[in-house]
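Heads up, the next two complexes both have chain A, just with different partners, chain B and then chain C.
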Partner chain A sequence: MEQRRKERIDRGVKVRSDSIYALMSWRELSYLTVPRLLLIIGMLILPLVVTSMYWQRVISIVCIYALLALSFDFLAHYTGLVSLGGAFFIGVGGYLTAIFNTTFGLPPLVSIPLATVFGAIICTVLLLPCLPLRGVYFAIVTLMYPLVFARIIEAMDILGGTDGIMGIDSFSNRWIEQYLVIIVVLLLLFGLRRLVNLDLGLIFRAVKDNDQAVRASGMSITNYKALAVLIASGMGCLGGACIVHIYMWTGLSLFALDFSILPIAATVIGGAGTLVGPVLGCLILVPISELLREFGTLRIVFYSIILVGFIVFRSEGIMVYGQRKYHQFERWIKV
Partner chain B sequence: MLEATNLMVFYENMLALNNVSISCRKNQIVGIFGANSAGKSTLMYTLSGIMEDIRKKEQMAGGERITVLGKINYLDQDITGIKPSQRARIGIVLCPERRRIFTESNVLENLRIGAYLATRAQAKETLEYIFRVFPALEKLKTRLGGFLSGGEQQMLAIGRALMAQPKILLLDEPLMGLSPLIQTILVRAIKEIRDETGISIIVTEQYARPVLPIVDYAFILENGAAVMEGTRDELLDNPDVRAAYFGV
Partner chain C sequence: MNKEPILQVRDVTKAFGGILALNRVSFDLYEGDILGIIGPNGSGKTTLVNSITGFIKLTSGKVMFRGKDITGRPAHKIADMGITRTFQIMRPYYSMLAYKNLVIPLFSPRAKRTGGWRGGGKLGDRDTVSIDILEEIGFERDSYVPYKLASTLPTGYLKRLELARCLALKPEMILCDEVFSGLSMSEIASMIPLIERLQMSGITLIMIEHRLRELFKVANRVMVLNFGEKLIEGLPEEVIADARVKEAYFGSEEAKEVMDHA
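Entry: the complex of A and B
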């Protein structure tokens, strides 16, 4: 009886580009650069292709969600902290930039970086007590903070109360608004990819895998977790600051649960732990969510069906699947 | 009783088991010896069906593709592709490597979980039997699994496997990391279990000497292939085998 089995092998050019970098021709160089350039150029020309103001706004929102999804993916799959704090980061960043802008009169291009830095510090300090927690406990705590903040603002009627803060400056030019978020997403995406392969990234991953072993190697895992949270919450706050200046308004809806949940869905669809995947996931999910708006409440039904379908049939995620198809080929061989 | 023919297991393109054929007759203790990465655990996973589970999980996660070829016959029945839970139901029970006891349940609970497939009367009887074979466990009834010593954990793991009413028991490295004294106690207990209950036992080990006195038949795995097989005396006659696995 002849038995056959499907063999999966790395493409030759992948092997060469992996370790020894023996790339001989433009064609082989393009093997590495084309997928990256495709993403970069694709993102950059997107606002030019899409002409309607409405869809250009959607692209900005995609980028905000992409920032959140990146920060979720980084925290969850490289540091082992499952964070539901997207809304928390967005809210803190949003309110901070609103304060900087209205109270101190700083222009957006100053208030956004300030809100990012101070927001990240505030979020990290607030999350510091629950850093020793792992898994679902950390998730619950990060989920509670946005609720707490929203209720405090509502009950004490501070920071504009339920009306929110209005009259925030917008960007001087709508192209600046478009390209600022897109470039920020691309920079952070490639920056994070670099970071997780540095020594620091190695430590993050080690903390995720076995925190006791990291402790035994003489490193304080709390410090490294705090650093990871600082990076991730900074990204979230940056997103929050941008969204406030885009809408010229800040309010309690910044603490909405959407900001916590959608990035996770995007990460699942795009491929967990790939960092590019979550961005792609947002590029798919957010526009779908907008398209389905016509269906009214049925939107959630279609949306859920798409999600369930992805999880059941492609739970590895688009990016993991795509990378495998790109780097490897299959053939039948005799055993 | 259990007969595996031409088993081949690939982890992606790596050949973990190469044309391995083993068999275990009724009421026999079969030893499988080999170094690390020889394929002992893979063989145990394949026989017990856990491999099907691992394969499915890897497939869902888009990880390594595992290919299992070959045939496993059990009591004149082809069980090649069936699920691990089904195999446990018909009497193939694995006591996994590194014990894998439930650390947050106490000893009694651990044993009760194992008795899911047993009737109430069987469970009661087996429980008493386990406490007779491993008297150490009886005193520790309410201790949490995670707080047991290595030897006690291993006794518990074997006990838990016994509670599932196996007809054939697969012990994956039961002596791993234990002191020589505990090893002899366990080996004696394994023989006792075979003699008194008539269960067939397949036991894997890296270092064959402690278990050698009780095995009836043994296979030696090397790099995924069964390079030698025979009764205890036949293997002991071979100088290479003696030096490599028996340390004599």
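Entry: the complex of A and C
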């Protein structure tokens, strides 16, 4: 009986464009740059194409979620810390920028960076005791943080209590509002991709792979885990600070579990460990979730069906699948 | 010998619940020596390595390195002082290429200070240095082996990779936890010159082994552990001749055979 087997081979152009030789011809150059440019230009023209106020707002929300998904992917797949604390980062960043803006009267373009830096430090310090935990235990503890903070604010009636803080400045015009988050997402996306390929990024991966060997190499794993959490929580706080200035309001809903769960779903759909994947996942999931609003409570059902479909049929994620198709061709050969 | 020992272990005791894994073990180790530690399974050899290198906290006792008390210091601080170890169950970074495995120890503060293996205080490009170390340890530089994923390497290379990780830190001491186990005779034969070369370059070694014939060839001194207690320490010939060792470790019939070969 004749047997056939599927064979995957790297495209020649991929092999040729792996190193400096990629600069030798337009074909090889474009093989590398076109997918990247497609994403960058696509993101940049989105605010120009979309005219309705409602969908412009959705684009900003997509970017906020993309920041969270990036930080989740970085922590989970490059440092080995599965964090469900997205809502915690958003909340800390949001409340900090609200305080900076209303109490000290700083303009948004000053209070957002300040909230990012101080928020990252606060989150990292608070998460320090949990760093020795691994896997699902770290996930459970980080899930607890946003819940605890929401209850504390509610019970002690501080920071506006259940009403939240109102009267926060918005951005001076909608172009700044839109392009700030988009550019931040793109910068952090390509920055992180660069970082994980540096020697420092290698250390993060080593901590995930084998923390005992890192200790035996004379490096403190706690320091590097803390550094990774600092980077990731900074990204989350930045997102939180932006969302507060977009909505001109901060409240307990910043600690909502959506911010912890949706980035994970986006990472699953987009492709874990690719960094681009989670951003794409948010670009798909968030608008879908908005479209499904018409179905009312049935929304969650459709949403779940889409998620389950992805997990069953494309569990590797869009980006991993896409990269494979882009870099390799398949053919059937006789065995 | 009137010089100061490089490592002094005093009354080291480790209890796991009610079980004494180590019971008042003491020994001295002089610079440039190779100390072999043998003992039946569960006699506390790996626990001893773990406690010297700070991977577990001692119940009582003291470990001194160059006259400095290092008891209870965290593992990465001890490695930073130059006491490195290999793991019995190899711990490479499986998702990385073989040479990238060495970039990680080369990133450590100690490697930056010392310049890595053979370095004169200045660390060059980490990728280049790690290929140099791998060549030194027996990876063929021009072959594809250093560029393969660590998860695809055979045991022999992984054992060497463990040693290479220690070398990248420019160590003063290496504690080898069964580097010969799981290797073929020819692989061991090629490892022995490597161990001797390490000793000649001034590195002090502690070797835990079950391969007695090979161990007795390279070791200057041998210590026998049994049920967490030190049975005897001395020159290899003395240890072989000791009746208690034969009884505790070798068993009666097999022992004669091993002895005859050794």
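In this section, the second predicted complex is superposed on the first by the 328 of 335 C-alpha atoms of A that agree within 3 Å, B and C clash if a C-alpha of one lies under 4 Å from a C-alpha of the other, contacts with A are read in each partner's own complex, and residues count from 1 in each chain.
Methods note: contacts are C-beta pairs under 8 Å (C-beta built on N, C-alpha and C of every residue); 3 or more make two chains touch, one makes a residue touch a chain.
Just so you know, these numbers come straight off a predicted model, no measurement behind them.
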item	value
Chain B versus chain C as contact partner of A:7, first or second or both or neither	first
Which partner reaches more residues of chain A (counting touched residues only), chain B or chain C	C
Which superposed partner A:335 touches (first chain B, second chain C, both, neither)	first
Which superposed partner A:214 touches (first chain B, second chain C, both, neither)	second
Set intersection of chain A contacts, chain C complex versus chain B complex	none
Partner chain A, residues of chain C touching it in the complex	53, 55, 74-76, 79-80, 84-85, 87, 91-96, 100, 103-105, 107-111, 126, 165, 168-169
Touch list for chain A against partner chain B, complex	3, 5-9, 315-317, 320-321, 324, 335
List of chain B residues in touch with chain A within their complex	8, 10, 12-13, 60-62, 65, 67, 69
Partner chain C, residues of chain A touching it in the complex	199-200, 202-203, 205-206, 209-210, 212-221
